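By written order: A, B, C and D. Residues from 1 in each chain.
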Amino acid sequence: MNSLNTEEKKDLEMRLKRIEGQVRGIQKMIEEDKYCVDILTQVSAVRGALKKVGLIILDKHIHGCVQRAIRNDEGDAMIDELMEVLTRFTE
Amino acid sequence: MNSLNTEEKKDLEMRLKRIEGQVRGIQKMIEEDKYCVDILTQVSAVRGALKKVGLIILDKHIHGCVQRAIRNDEGDAMIDELMEVLTRFTE
Amino acid sequence: MNSLNTEEKKDLEMRLKRIEGQVRGIQKMIEEDKYCVDILTQVSAVRGALKKVGLIILDKHIHGCVQRAIRNDEGDAMIDELMEVLTRFTE
Amino acid sequence: MNSLNTEEKKDLEMRLKRIEGQVRGIQKMIEEDKYCVDILTQVSAVRGALKKVGLIILDKHIHGCVQRAIRNDEGDAMIDELMEVLTRFTE
């Protein structure tokens, strides 16, 4: 169970489909002996797109699951878990 | 033209194939209504794997293209270009 | 008003005092013509220490202010504000 | 010995002096019980300013020390060292 509605899922799936295509594009660039700097620019673009995906899910998670847990007096454990995931996300 | 030899290309392609699979896995997690925190953990893992790919390409680029350019007295323009790509990569 | 108690404030102030000293140390390294790589290593260390400070404050903020706001039915605005600060923090 | 000339050193020292002041400002914000989100915004600003300092030193280091080492056929060891520092810097 997560905090994403149908529209949000569709948006995220489109973003991830595009990211998947970009990752395949990077493989092709390597195969076709493209210039390192152009490959690196693409790698940075995909990392940026993945960060955006992460921030969207984070937003929905806090507005949804975390908020719900706090209302049910189970907030503290949920926030500890959130902080762990945030620590990894900012690495 | 880039600075990657056959073995390095193969290693990078394997890494990117795995990343592609992980991105597809994230789409499936969203579709199957998996828990946000688990999805976010996967997003962080893929971003880390992409950073590793970027650092490998950067390493080959500097050892190869940049070193060659410097030996041909064309180092400064090459380094300016490298710094631009580094700035984007650290965003 | 923030969510930090006396002990947490003391811990953060000690961390920031140490960071201040490290920043002064970097100035001295530059002045004394120390090796770039050693200066860069120190810059990375200070950035890491600042990230830790940020994560501590974030933790207290979510456990405190955000949790309180949600209990008072003012959670959504608070979470939107949190997401803005998180977006900047992950830049 | 590093690759910074007098003007570059002066610029970096001014930036670091400003950063030092900002770190002191954050200590004061904590002491005076300022709002967590405002403190976090300042922490992000200082981390950004430190990244800029790092990128400037990196630029001078590659244009200077690394380029010189490559011309003296000692490039590879220098680039390995650079990659280590870059890995830490992107953490």
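Operating definition for what follows: a contact is a pair of C-beta atoms (placed from the backbone, for glycine too) under 8 Å apart; a residue touches a chain by one contact, two chains touch by 3 or more.
This structure is a prediction, so every number in the text was calculated from the model and none was measured.
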Farthest-lying chain, centroid of Cα atoms versus that of chain C: B
Averaged-CA centre spacing for the pair chain D and chain C, given as whole angstrom: 17
Centre distance in Å when chain A and chain D are each reduced to the mean of their C-alpha atoms: 28
Centroid distance [mean C-alpha coordinates] between chain D and chain B, Å: 23
Multi-chain contact residues (two or more partners), chain D: 51, 58, 82, 89, 91
Chain contact topology (line, ring, star, complete or other): ring
Footprint of chain A on chain B - complex, ascending: 1-4, 9, 12-13, 16-17, 19-20, 23-24, 26-27, 30-31, 33-37, 39-41, 43-44, 46-48, 50-51, 53-54, 57-58, 60-61, 64-65, 81-82, 85, 88-89, 91
Contacting residues of chain B [partner chain D, same complex]: 51, 55, 58-59, 62-63, 66-67, 70-71, 75-76, 79, 82-83, 86-87, 89-90
